[in-house]
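First chain written, first letter: the chains are A, B, C and D, and each begins at residue 1.
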């Protein structure tokens, strides 16, 4: 697996959620439900997945695999090795820096055997003081098995003096800075925790009469027929037992909530509900706001498939300009190539997208995309559209300029590779060679997510660090490595 | 590979094009271009693919593989074994009757060594007198290596008394009944032929200054940057040499053209041009016609993804009812599962589609789909929509009732399994449990493809046997096996 | 599999039997027995194997695989696809000229569908007029699927005017020159044939009360618990039905028998019986003759493992010099490496053999080997022995100098690469750098196989062309390609 | 790999060495040499292997694989990922109790990152207080990743307060009871240690001018062309740096040496030198002693291949009865079957061995084998010999009755499954159904290894617990689990 390339060249041009987590308790053959849930969360991490189960007779069992959930965790021969009515799982995306050589030992859930029994954890987010914690733990004799920041949690738990696992978990997470939505399990308990700011999502569902589910998104509750109950609150820990039901704790100091606004823009699936709102409807509303903020005369509104679609629909509805599928996506495009020919390597986005030439020719086209990261894909798409004979190309972007890296569980290029950190929107339009390029304003984005008055600059209600450079938790490891925060204004 | 299941349970509920063909001449590393072309044609056949090349030094080389083009024919190590500037390729779908045990020997192109040199052929379509031809050839000492009808062509060529391969090919194809678009190659020639009625498509493109391409669809010309020149005419054979350019022949008796109208409805990619028309635009126009023929009051028009999308856009534009993505498709859904658990087997369509609950709840929803075959998927989708709280569900179908099997290269269930062969549209609405169900009329469909006056019943300009039961060529093998043609009215 | 290298570098230094054949009738789950038989015949061909079965309900089934029998034909999932009580199989070695790019289509048994039903054949030997036959068949419209000489037989059968398969087989084999032991099957019959000279072996066994087996060697009868009945005679065809028992025919003109003497020297397994004699005992007797013909003072007699062992035992017993395992073979050495490092490539024989240093040091050592082909391995072994401190090294070879290629089903280097075609034995001793090198005489070899008076030069009773250059059937294809027969003396 | 069966049914009937270790320093591309060394040590462990390297630029790299060394560690693509001039490796056999579900995480070398840098260790032997150590370490917060006893060493090292790795290793190994030959590495040092009794072997070699090697056996020095220097002494630790040469320490309290006598009987390769003696010659001498102790009139002396061969040669030489290969081993027999058919499962030893029927018929046969464990294979071999028509069968066994399990790194059945723990030799002869069965005496065995006066019962110079029940180190974990030591006499 050392030779697995990270992804398509042109997928480098999206921010990537690094993980999805899912867990169930109180359902026979729980691993099957976890597999289905992870399949529904596959967009949050495509590199690898893992499932742990507990069964009174068979004990803990675990399977971790590279590749899609559907290619691994659908096989009867594998699923038979994962018995029990309590199970958690994780899907992951390889981080930017790992040069594609992730080992299977980096794939979660992580497991630890403690004196009072075993526990497994699956973590979505990023621990911003992981390097410091790791140094301290090694100094004291812990042996790390992975390069993952998440492994710190399990070692901190192993060294806690508390007598039961939920208490050890509280101990451990109090030492941890950054963003975390954690799903964990012991022999009898399913546990869910969200960091005090609630940066990453985590929702609770009910399965049948006795079962419970925890998931990164509600779309994964849908697939298993679970009822969406509520979100886990920022800073909340829930401990669920098969018999005793659900207990809720708030082990951390209270802090203002800062949910990741990019979950609305791109990461979450459009059929999920986050923060009480339909992600699809929020995106459509972004398109409406964008059409109000940056109108332009044109013949067609076309989405860049597939993430630009809801905003394009909203833009079309607000502007009255017809919506059309000007770019067609190849359904048979997978995620990556093993050992590709030079020719394939150079094809880039054309392997995935084709312009609907007969539709575009001679037209003034508005292209709606979710974001611009490096700008490499945007340029190629513009070329394709012009080659097909479009008269004008106008980009409308459903997020503000992405000018700062995320340190809370999203894979972003280094700051200097973010186009918006190097250029103004006008310069970007010139660089991309389009007739116009407009981003939604930060206020417009907040309006689309339901804040009528736009963003409150004193106390913004979301984490929008990738747009604003305002990091709600100082990324201490990165600062030690030389990352410079935005100068106070 | 014997244990490869044919496809998803719920994919049984679509008609399936059985093949795509592609060939190029006059380009270095021709196989790479054929691989790209086949990737763009993957929707025409997902089970397996093959490529043959000729190189003056290395002779003929060939590779045939189960699975997607992108998983096989992108690898440098394989493509290096396919040198040369002349190459053809084929993608195939397994036919209904084969119980999934297709052998690699059934995968095209087929190759034959004749006394004047070798030739390879790739065939899209179906030979309706193949059984009779095979019996005759075996009687005379030919040894068949596959169960494919297409192999007859190569044996007929082997036994021709003509002195060169194009002439032998004419000899062979004059014996063949049914539908065929064939791409073939010798050591120096790329050959394309379409049957006299032109049932299946075949188009010609120019690559750079000296190269030529033949393809089932124009979208595959786009991916390699080829210019679309024209369609091969019904009954035409083109013979292209690297130096001498293109010669055109008409070896068959002239017959009226009868292009497959279902290519417009579903088979071809929306970004292709067939019969001089944009497939996407034709589908949108079907939606417009459908809204005129069968309007209904509702809150939302939603496509059944992805094939219903252009017609849904047209329906929305004509009716003024907002277009919305009420059903979300899982992007990580592959084609099939190997050895799935019972649970997975039973999930069916929910693995692939999820209802956008927050959008649908309390709404009157129009669902636009391309066709109804068995009706099994339509029922499941209706259930999902109602479970999500829709107030009304109205189906609008972008094709007339599919009541007859196709014998010209499309995988259809037996007649009695086609819902429309057993029920009227009204009965179908009751069976599916929807508030209304309307199909576009055959005349409406002809209007959408550009025939202002609808279908000419005396001389229809398309093959529409799957709707009308009027077979332009008698399916002789099937009749011998007991298939009953529609009684004359 | 195109990239499968033919074998170890140092295995090039042996002649290689190209095939083994096996068939059974009248036993439930016949394919299991064929698999066991082929496993016992694996030394006759390691590249690939195939099995065909017939079952009244399931018809003919077949599986062909690269690699060892034990790695393929032991799996329940594969064997379940091979039902029936009638089955034949084949193991094959890749021929010298094929550059390792054997396709699976070259793997036998070959199958043909005739108008009276199907038949499969498995062939051990080589057809010396195959090129001429192939040209003729192609001219008449046959399409070849493999590069194998054996495929001619099935095409000749397809074109025969006879009304049943055994008669068609006689027709076909009468056109064929060279060496052949063929095992074939129809829906009801197991058929065995040996060429008129009986160059390659074929034996008959009885399995239980009703079953029969045909095999290249008796060791494969042992493994399935079959009783060895007799050899199929040179020029005999046996036709065995499940009910009607065995019929014997002699369809060819009678010729003097010329069994391959190298089967005794090296090809056959020591636990087989060929020509009524124990192969092990014959080899031991060769050692005895060799000790009489070429004695030498020494401290130890060591076999070159494993083929030199029986002759070394005989040499020790005759000479009174102690037998010792001076060279140890690595049991975990497989047949080949995929994509090896440079270092591995250069290791050659040291990966397989190690000198028993403590035993050899300071000793005068007699090394007994079965043959010298190119001499490359012999040189390396001599080096290893001297490096370990041996005082003297004397080679004794259990066959005469191999100076001529075999055209009857054995893979031999071109004549000029055979060391014995370029040098006298004395020159060879110098070239190899050993203290002495002696071959058994041709007469000595005939005495060891039981001919008290040695070889009858007028009418030798074995094929010994590789030693004598006297080819019992003119190799017509090779002569056409320029091979020069030995000048008459 | 979870479904890999432990081995053949009939291989259960041998004791199994559990590991081999190898390391080199001071040679470019060290991993290639380690791979060759491990290939030569493959008989010590066939389930899996691993290699770790260190390179100044690339840091530590590691690869662990199930299967043979030759199938994994010969591939250029893998070996390229293992750069550096310092490397260690390990081959392992799955232990009896693991039910075949060894995970890759159990495969050594184990690696730990300490505050002063990383270290890897490879362990041959067994830690008899591993359970107690593991409990203590978990209590204090260590997280175990494997089920291996050897992992304790790395955790003990992690918790040591010493400032450098060799000192931490001494600390750790002083806590460990049982048998261990350990090869370890840091970024700059190759380290070898043997437990105070020297139960398992470890030898030192010189490679070229600057390189050093450590190996379980000398045969692995031979394959890389290294010069055998000396054994690592019982209780010695050597620390070798690329520049500074070799330092020797004796960190443990001195104890009398107790090398495993079964290494001479069976485990070590015959071409190795252990304790200053040729293993082959020792085995031959056991045959000589056996012939003196337990002579019998017979026609042939046959080894049970391959382990009985040297003793059979010795028996023949002493008795004057001719040596013969009465049982032939199939060279193409691998180690195990994946998902075998019922028929294959039942074949057992016949897949591997065949009787040389023509040789055996009517003869009185002496069979020489190395040991009798459960007796299951011996019975089958006797059946095969009698079926082939032998008149008498006499077993002579080259070791005393194996009546006690080994706890020092050898896989043995539970005591009650050892035939010799349940029966006297006479009863065993009856149970096996042979004419006679004789074991060498314990004194005879000691004489064969060079102790002229046989075993000194007061202070035996070898570990012979499997024969005598006298365990030089109390197996404390096993005693805690209820194992009963031999009652004092």
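Worth a mention:
The rule we apply is simple: a residue touches a chain if its C-beta (ideal position, glycine included) is under 8 Å from a C-beta of that chain, and two chains touch if they have at least 3 such contacts.
Chain-to-protein mapping (UniProt): A, B, C, D = Amidophosphoribosyltransferase.
Remember, it's a predicted structure, so these values are computed and weren't measured experimentally.
The fewest steps needed to get from chain A to chain C, moving only between touching chains, is 2. Set against the C-alpha centre of chain C, every other chain centre is closer than that of A. Centroid to centroid, with C-alpha atoms defining each point, chain A and chain D lie 50 Å apart. In whole angstrom, the spacing between the mean C-alpha positions of chain A and chain B is 37.
Note: centroid distance chain B to chain D, computed from Cα atoms, is 62 Å.
Those residues of chain A in touch with two or more other chains are numbered 77. If the chains shown are joined wherever they touch, the resulting network closes on itself as one ring, and no chain has more or fewer than two partners.
By the document's touch criterion, interfaces exist between A-B, A-D, B-C, C-D. Contacts from chain C toward chain B in the complex involve residues 2-3, 77, 81, 104-105, 112-115, 135, 138-139, 141-145, 154-155, 158-159. Chain A meets chain B in the complex at residues 29, 32, 35-36, 39-40, 42-43, 46, 68-71, 74-77, 79, 219, 222-223, 269-271, 273, 277-278, 280-281, 306, 309-310, 313, 317, 322-325, 328, 330-334, 337-344, 347, 350-351, 354-359.
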